[in-house]
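For reference, the structure is listed below as structure tokens.
Which chain is which? They are A, B and C, in the order written, and residues in each are numbered from 1.
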Amino acid sequence: MHPFKDKNIFVRNAWYVGCSTEEIGSKPLERVILNEPVVFYRSEAGVAMAMYGLCPHRAYPLALQGRVVGNALRCNYHGFTFDGRTGACILIPSQPAAPSNYRQKTYKVVERGPWIWIWPGDPALADEREIPSSEMLGFGEGWTYLRPFAFTGIKARYMLLVENLMDLTHLGYLHGDMSSDFEIYVTSPLEIIETEDTFKVVRPMRQGWSETHDVMFKPENRFEGLSDFASITTYYGPGYITTTSHITHAIDSLPTVDKTVYGDVYFHHAVTPATEHSCHYFGTSSRTHRLDDRAFDEAFYPFDAAVRQQDIVAAEAIEARMIQFGEPRTELMAKADIAAARIRRRIQRAIDAETAEARVHQPVAAAF
Amino acid sequence: MHPFKDKNIFVRNAWYVGCSTEEIGSKPLERVILNEPVVFYRSEAGVAMAMYGLCPHRAYPLALQGRVVGNALRCNYHGFTFDGRTGACILIPSQPAAPSNYRQKTYKVVERGPWIWIWPGDPALADEREIPSSEMLGFGEGWTYLRPFAFTGIKARYMLLVENLMDLTHLGYLHGDMSSDFEIYVTSPLEIIETEDTFKVVRPMRQGWSETHDVMFKPENRFEGLSDFASITTYYGPGYITTTSHITHAIDSLPTVDKTVYGDVYFHHAVTPATEHSCHYFGTSSRTHRLDDRAFDEAFYPFDAAVRQQDIVAAEAIEARMIQFGEPRTELMAKADIAAARIRRRIQRAIDAETAEARVHQPVAAAF
Amino acid sequence: MHPFKDKNIFVRNAWYVGCSTEEIGSKPLERVILNEPVVFYRSEAGVAMAMYGLCPHRAYPLALQGRVVGNALRCNYHGFTFDGRTGACILIPSQPAAPSNYRQKTYKVVERGPWIWIWPGDPALADEREIPSSEMLGFGEGWTYLRPFAFTGIKARYMLLVENLMDLTHLGYLHGDMSSDFEIYVTSPLEIIETEDTFKVVRPMRQGWSETHDVMFKPENRFEGLSDFASITTYYGPGYITTTSHITHAIDSLPTVDKTVYGDVYFHHAVTPATEHSCHYFGTSSRTHRLDDRAFDEAFYPFDAAVRQQDIVAAEAIEARMIQFGEPRTELMAKADIAAARIRRRIQRAIDAETAEARVHQPVAAAF
């Protein structure tokens, strides 16, 4: 399935954002994650939990009026109750004893930054240290961020958003009406910094005081001359990408830049597959300046939302046509597609590795 | 297909409620019954009729502006007209003679109680006497009933409603917000009375004057002490089930109960398959007391409707997830599922018998 | 697929109406034509153009905010630009040179009468002279026509509208509430005039001054006695059919009829397949009398629209049931179906010829 060679397009053994921290509480939340119905909730102690979202008794969705009892979640159809850590069925109200041998599937979840992260793959492989740290992502000390976006149930395969993010030349067209400063993304050179653990696309640029500076850094901080800055796209895995606004190195040839005035801005893009044809898109932007400037937050929020919505509209338009007219058989690739092409190969390798792994673990007697 | 072993989940040779008596008149009504488009109407003499709902000429739906002419129904596309009893094409207006050899499929229908019953199976096997009598169902002399409900096109396979009805422990959870008296259903013991013709689930209970008594029997009829009563679920076939409110045997140890005061209440549940993933749900409640109490009818109607709608919401939620995530491969069964499990086996046997029958009748030359 | 014997129901090598002339301009328009997403637009010089509607780079729909540049169309995702005649990619903005070897599929289009005609088949076979002339269709000198209808995305296979038009006995039923004069269509005799190039159904009729005359020819032009007139259905191919109102030959036995008073009226029906289960339906009516009578236009427009909408409702009702209940296995044909049956065979032959052609051109190594 486009853009991958086989039907499976998911990397299961990875951390994904399942929801934002503020989305869950004592009321359970159902969300489709990599084709599974997952129910998220907080235990009575406030700890984020996730389990398979359908009751094993009558397949009723646990999120529909389900009630949190301690760590456990109670189904509202017949009251069957399941522990959020072990998955044990701890209560069937119509009979004295609960079954001792049943285990509902539970998921490892971690709360970090504004996100609840989930590991949809093999629990034995889940390593919390693989989640990018708050410091790395731009949520640490000295940063602030907008209240997060959660665009859920987007009708587009996740790779349409991932590849959108890996080629920012689209800023000059798809988002061209949002800012006159987006045009420079079309022709600026790019450099890819790739190691086994890192994948960055860096676009060095030089510009005088602009519309973007005016909005971001306040008119009274106007400088003369040119600044040197970069757009940096960082790929942390199929489920997390950050892009930046101006990461400024020098202003009017002065290499010491006051980040509390001319701050760094990161745009966060968490893309979580829902089904083969849909995904969730979480995001926020974090910054090092105007830390307590709620008026800036309020002004910037709708701009950030509008740009993301243009991407969503594009991705859904493409998906709808792929469904109707078939998957693309050929693609006219441009030089600017180099980052997207490499990420596609990276993810293909991860998919292949999981498929091979699955084959090894398959019992010999299984019929195909 | 869940919960049966093969793809076919329908029992065709059975009486089903096709519509309520008040739903049809001189304007034809189209309704999908066991995957067939059926058109119901009343002849000019007022007799309920049903035939295959598409004109054999151009497949136009006969119900769309179709006109009743005597016993017959006239298609509004080109005026082809079909007799409601024989199915004969009695008129093609654009030519002098009607074809002598065509027969539109017609169905046996019977009007009884508030229902128009239909036999979707082999007409040679249709026996009107197999429809439960009005007396048996609780529509006879000395009873009254609410104007019937017709919830049509419910997006759930019929068995989700049937199994819902066969396990009333759900009253304490799914309907728990409707009445504090529903909690006793969760833990009350049950007895199954099963013969070849009969399938009843009886739950004996004992309770003092309660919220239910207050609503049903009026506060001024309050008694002291405890009453002995039962909840009785009667399965008449895949298409008809009744449940009860309090069927009271004794009040404060007095075994003579005045039914005109402490009456019996039956809830009627007619579940008719539409497609593999949808059904119709007809119902009413009938009672032996407060016979002319229209104020009670008006007060009770929305309560009864709300409970049924909770069941519909549950069934549709389950169906939607079965479609999206696949049919359940395992089920965590409880002791309270015994009645549902036996009914499932009964219906499976009926399906198997019809399939075997169909194989026997299949001409030898037919290729599979 | 009904009503044809194989899955393919399209004749590709034929001229179809893609849109009305007024539907397109500098903003591109996306429309599905024979299962392909086609984008229509006018070049800066105003010439109608059509190309495959998805950008070959990322499958983004060219019609979404796409911009016309000279003859070319620019994709709004990353700015790739394609020439409307050759299909050449003439610009990739993020790089200096455009690829020399890519060709986007373009379509031959012709603007004639109120229509933009398109040839979805083999461009080498497209011959503009096969489009019926304006004179032939009734758009030439001495005619006027209503602003055209464009009913797009009708959820019915195109043949349901074609066969509807080939059997006008439906006027007395489906449209019976629109005019009391429609009843005569049910029983009037018909003659088919068929040559290799021509297919006409002629219904001679005789009638005194009627409701139709009153509306069409004004009450003050009332004549005494009877007129001889004909209803003529002309089939120009799977995509274009005209029907008529009264084509009057004699009035009260006088064979010289003043066409500027008792004019000819043609109803135009352009039916263009979209998918196997949907089509577009374009139309207008043209006439030889009341040429500058805009009040008549305004009065006649809603009548004409309402009749067409009844046909659309019928076709969609049939299609929906064919999808749900399966394609008809038998059809009860009437004598009045003779024209529809012959047209069905004609189109089947055209489909077969294209299929045979396609097989011949298929490379030998292709596996089936």
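The rule is short, and it goes like this: contacts are C-beta pairs under 8 Å (C-beta built on N, C-alpha and C of every residue); 3 or more make two chains touch, one makes a residue touch a chain.
Since we're looking at a predicted model, the values are computed, not measured.
Q: Out of curiosity, which chains are bumping into both chain A and chain B?
A: C
Q: List the interface residue numbers of chain B and of chain C, divide the shared ones by all numbers used, and answer same when the ratio is over half, different when under half.
A: Copies use mostly different positions to touch.
Q: Using mean CA coordinates as chain centres, what's the chain B-chain C distance in Å?
A: Each chain's C-alpha centroid was found; their separation is 48 Å.
Q: What parts of chain A, by residue number, touch at least two of the other chains?
A: Residues of chain A touching two or more partner chains: there are none.
Q: Considering the complex alone, what residue numbers of chain B touch chain C?
A: Answer in residue numbers: 32, 35-37, 54-61, 64, 75-80, 89, 92-95, 99, 102, 275.
Q: Can you list the residues on chain C that touch chain B in the complex?
A: 163, 167, 169-170, 172-174, 176, 186-187, 313-314, 317-318, 321-322, 324-325, 328, 330-337
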